[in-house]
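The following pair of complexes shares a single chain, subunit A, combined with subunit B in the former and subunit C in the latter.
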Partner chain A sequence: MSVTGSAGARGAARPLMRLVTMSGAPILRQLHLEERLLRRTADNWCVINDGTAPPTIVMGVSGRVSELVEIEPVLRDRVPVVRRYSGGGTVIVDQGTVFVTIICDKSAVAGLQPFPRDIMSWSGQLYGKVFDRFGEFHLRENDYAFSHRKFGGNAQSITKNRWVHHTSFLWDYDVENMDYLKIPKRAPEYRLARNHTEFLCRMKEYMPSRSVFTDGVITALGEQFSVQPTDLETVLSNDEEFVPSTKLLSQQDLEEIVSSKGSSSLGVQEVEA
Partner chain B sequence: MAAWARLASRSRLRPSASGVRGPPRSSPPVPPPPPRAGRAGPAAPPPPPPLRRLLRLPQVRSSSAPTTSSLGDRWRCLGGERRWLASEASAAVPAGEAAELVEVPLAQTGEGIAECELLRWFVAEGDQVDEFQPLCEVQSDKATIEITSRFKGKVHQIHFGPGDIVKVGETLLKMIVGDSQIVSPDNIFPSADKSLGEESVVPSSESNIHSGTLSTPAVRHLAKQYGLNIDEIVGTGKDGRVLKEDVLNYAVSKGLCREQSSSLEESTGQVELLKEAKPLPGVPLYEDKKIVLRGYQRAMVKSMSLAAKVPHFHYLEEINCDSLVQLKTAFQNVNKDNTIKHTFLPFLIKSLSMALSKYPMLNSSFLEQTNEVVLKGSHNIGIAMATTNGLVVPNIKNVQSLSILEITKELARLHEMASHNKLSTADIEGGTITLSNIGAIGGKFGSPLLNLPEVAIIALGRIQKLPRFDDDENVYPSSIINVTVGADHRVVDGAMVARFCNEWKGVVEKPELLLLHMR
Partner chain C sequence: MAMAASSRLLWASRAAAYLRISTFPRAFSTGMCLSPSPPCRRGSYSTRFALLNSVPSFGFQDHLGDVVYVELPEVGISVSQGKNFGAVESVKATSDINSPVSGEVIEVNEKLSEEPGLVNASPYDKGWIIKVKLSDSGELSSLMDEEKYSKFCEEEDNH
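Entry: the complex of A and B
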């Protein structure tokens, strides 16, 4: 259901993709926006959020808080913890994180089937165009890496007719922030039990500037879509009825987990009859 | 029981429904045959097929069960019952049809994924659902995925709750479905295996997705090679997967190929098909491979093309490194720092800088447009490095102001960065002359190309032990290194290079001269 954009190479019409760029927007607000764009619109979107504040822990849709997060320091330092609507693992995001989210109708990319692996692979090819000239870029399992070091983590959400593929990119990260996260039980094979500092790398050491990166993403998308910058204000409609599933865990939620020794998996959705 | 019999035969008579195979079915969905003739009372129910467990409707009266033997007779008897059934059937089922209880399994979610976590249900028991209506949401690795219904019907029983792990193929829920429906192909996930990194675009051949037969692309290819329709082949693998053996056995049964035991007489291609080890039968072993040049390799294409336009000349000289060898040993002996490893190169770099002070023209760059030569103030000596990504030339800045120890450390740092592909732009830019220690890998002479916009480049061959004459005209073993200087002949001439080289050679062969001229 995507609106036809301008003609691309070979005369084939490129579908329209609306581009929303933000800077420093709180991750909770960004995720709520994404959910709304996914579930309540029929357009293709790219959302770029350059940096976020405050530093926030973002968990995937399921997963035990006690296994993924060091709750005591988090409570002590009042670090917000958000459970997002897509799958995947836990990250701590801050001003050094750049988010790129792609929301598409399942028919938007010709020949791309709306399945996790297909979308992941397609994204790897897209980002390959962005990163190849800066380093030895790889899509390793579900991560973007330079050589063997991860700099981008991915998650997806696939609905009946649409899908989201979103990435948190480590332009820079604060080593101390990593201490709020536990090393996850489930890790990609190529991690090889490395700790955060050995496993990750910073994009800023490979690329001259954030804008070179974001411009590169927009250019790469432009090969397949007709990218149209859209004002954030236009997007923020009065859709009061929509309740996103991305939730901020309250202090109380976290305290309960600590006291009950993390026996429950908090936040998994109830039956919606 | 009569109803059961009727339903069974109805299923058989509808080839489309029973013939469609989706990945979740663990055995071919052939419904059980109706009870044999002669059994008057209700027969013990046969084991239900995995997907189509037949509904036992409460009001079936065994007294109305036919006693005749032929199938045809049964049909005649059932005519009246059909109307009765229609009126008594549950509301989910349109008039004139009977209901079936269908088990809906979790479909294959992708290669290597054996299970998903159930996140939430969108429907509850008793709800009416439409075809393609979302039933629930599961999580598979990084993705949350909505599972939509293949049928129009009524949710009868839900088997898993939020947080449960569901294995692929396990029944998620049971639905009551009107049996005249055309079952939509399993369109949740592809049935063909895909490995990560291969094409993101699904092959246009519809058989990969819409046939519903589970098998790998290699097996499909094999079936195609034999001209077989993979849907006709019974799969013996997990979940009804069609394996290579199944294709081969089928081909044998069709007389398309001989049995494995006689494969020795087959052509090479076919023998390879039958071997267990070969993953992709029929693929030629020597193929062209296309590599797209990226990163450093791509940069090299550009820089060397430009360099080729400059008129080069090359000057070869031999340097006696005996003193240098002794110096290196002396450095190592006083070295207390484990992290520092002394090599020849830092001294060669420092002495080069000394020679450049005397011949600054070799540390310059030529501006073609204005016919000007810029004599560079700093000696930023580039060191060519061979990394896994290709050739890169970072440079050591301000060698004229650095000590040999400082050069040693900086060189090590640049090597480290280069090997991890972490050289910064600053490291790579601003070089004024380049050294290529190709001899570290091998070679005696070279004809190096300029690293523009520099005007000189020096290739160092490997150190060889060669017989030479000493001052008393005795032959002795000497460490010799061959040095090739490449220069831009628009700017530099042979005489200048020769004098420069003599200066450099002099310092290397008599390191004490470095001390004499050091500032």
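Entry: the complex of A and C
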């Protein structure tokens, strides 16, 4: 476990959490960084990436391209497609997306067991502190929502001693980008067959600025951790042995899928736009 | 054991059909344990092969949920005790699968690619994950049996 940060309320020591902030970093770079921080360090981390470019489709580990993505327009428009290391569904991310990733040692949060639902519940309580004053915030199944409208999607990865919980937040989104994604076969129950515009909402309609949001996240984390800003350059090491599992699918990969008229070797799983 | 390689392989293949290495809920994050199929019993096995399974006991379903995907290793790779060799996906999470033993993967259960739910539904039988040729059978003595691991899980849940 990381070195104890500082004493909090009642003298209880808060574990250290290193904070990395980025803006506009490519999502592939962010995910590679996350994997390295998860598997090659022992510290707790929060990574915030405010927006990303270029617009990119990101599938979960078991994502099947032929069932999740409209391949022909993706090929035509050369939209990058990434398969990430964590579970969960498919999203298309762009400058309107704000990413928050929390990476913890399994003992970092007292009483929190390193299982998906436990971590998800803990995150709901954390983000409740951020969002409650801006709208009717809920953790609905595995999404963050104002009332019944989703604005944040989650995914996780759990190793022997550590876990990652990362979220893509819809500060804003381009409805036309949704056309690159197929309608999900499985959806959360609360979606109730709504289309994208009825199911999703934009955080910018509820909050005054992105910085209010990100500052709120840091403040909320500060109640449980001693948050320490960390220069990204000090994070990047010459660890050339580590090979992240997050992959960018090549144009050839996608063209082969089109020509095969079949699916990848991976099983199809839950997908969401 | 002073056995010819071929007879050792034959004997071990038979033994493997009766021998299971079971994973328990926390196995996906903390480790696995050894139990023959069934009843569970701790012992010093001289088999050179072992099957790694997962089991739905001790609140597996409650903690991880239904497994929707299993990431299998390639045949021929080496696994090390306590190190991850694959992963499962449940809910929104991928969870590492850690090997209780060291050795070489000689077979993987390809059925799990199409039927990952076998991990939940048939842990001691159709839901086996990999077959390992052990490099150090002495590692078996360090593993917990089902009874001890169930107590371990109960203690964890009570924290």
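Rule of thumb we're sticking to: the second predicted complex is superposed on the first by the 264 of 273 C-alpha atoms of A that agree within 3 Å, B and C clash if a C-alpha of one lies under 4 Å from a C-alpha of the other, contacts with A are read in each partner's own complex, and residues count from 1 in each chain.
Definition applied: contacts are C-beta pairs under 8 Å (C-beta built on N, C-alpha and C of every residue); 3 or more make two chains touch, one makes a residue touch a chain.
Given the structure is predicted, the values throughout are model-derived calculations rather than measurements.
Placing subunit B and subunit C on a common subunit A by superposition gives a clash between them.
Once chain A of one complex is fitted onto chain A of the other, the partner contacts of A:159 extend to both subunit B and subunit C. Partner contacting the larger number of subunit A residues, of subunit B and subunit C: B. After overlaying the two complexes on the shared chain, residue contacts for A:112 are found with subunit B alone; subunit C is out of touch. Legend: residue contacts after superposition of the two complexes on their common chain; A:175 is shown touching neither subunit B nor subunit C.
Touch criterion met: A:147 reaches subunit B, while subunit C stays clear of it.
In the superposed model, A:205 lies in contact with subunit B only, and not with subunit C. By the document's definition of touching, of the two partners only subunit B reaches A:136; subunit C does not.
Look at A:87: by the touch rule set out above, it reaches both subunit B and subunit C.
Of the two partner chains placed around the shared chain by superposition, subunit B is the only one that A:121 touches, whereas subunit C remains out of contact.
The contact surfaces that subunit B and subunit C form on subunit A in the two complexes overlap at residues 60-62, 85-89, 111, 113, 115-120, 142, 154-160, 265, 269-270.
Every residue of subunit A that touches subunit B in the complex is listed here, in rising order: 60-62, 85-89, 110-113, 115-122, 124-125, 132-136, 139, 141-142, 146-147, 154-160, 205-206, 208, 265, 268-273.
Those residues of subunit B whose C-beta lies close enough to touch subunit A in the complex are 109-111, 117, 119-124, 127, 132, 134, 137, 139-146, 148, 162-163, 189-190, 194, 196-202, 204, 209, 294-295, 298, 388-389, 420-422, 424-425.
Only residues 60-62, 85-89, 106, 111, 113-120, 142, 154-161, 265-267, 269-270 of subunit A touch subunit C when the two sit together in their complex.
Listed in rising order, the residues of subunit C touching subunit A in the complex are 25, 28-31, 63-65, 68-69, 71, 82, 84, 87, 89-96, 98, 113-114, 116, 156, 159.
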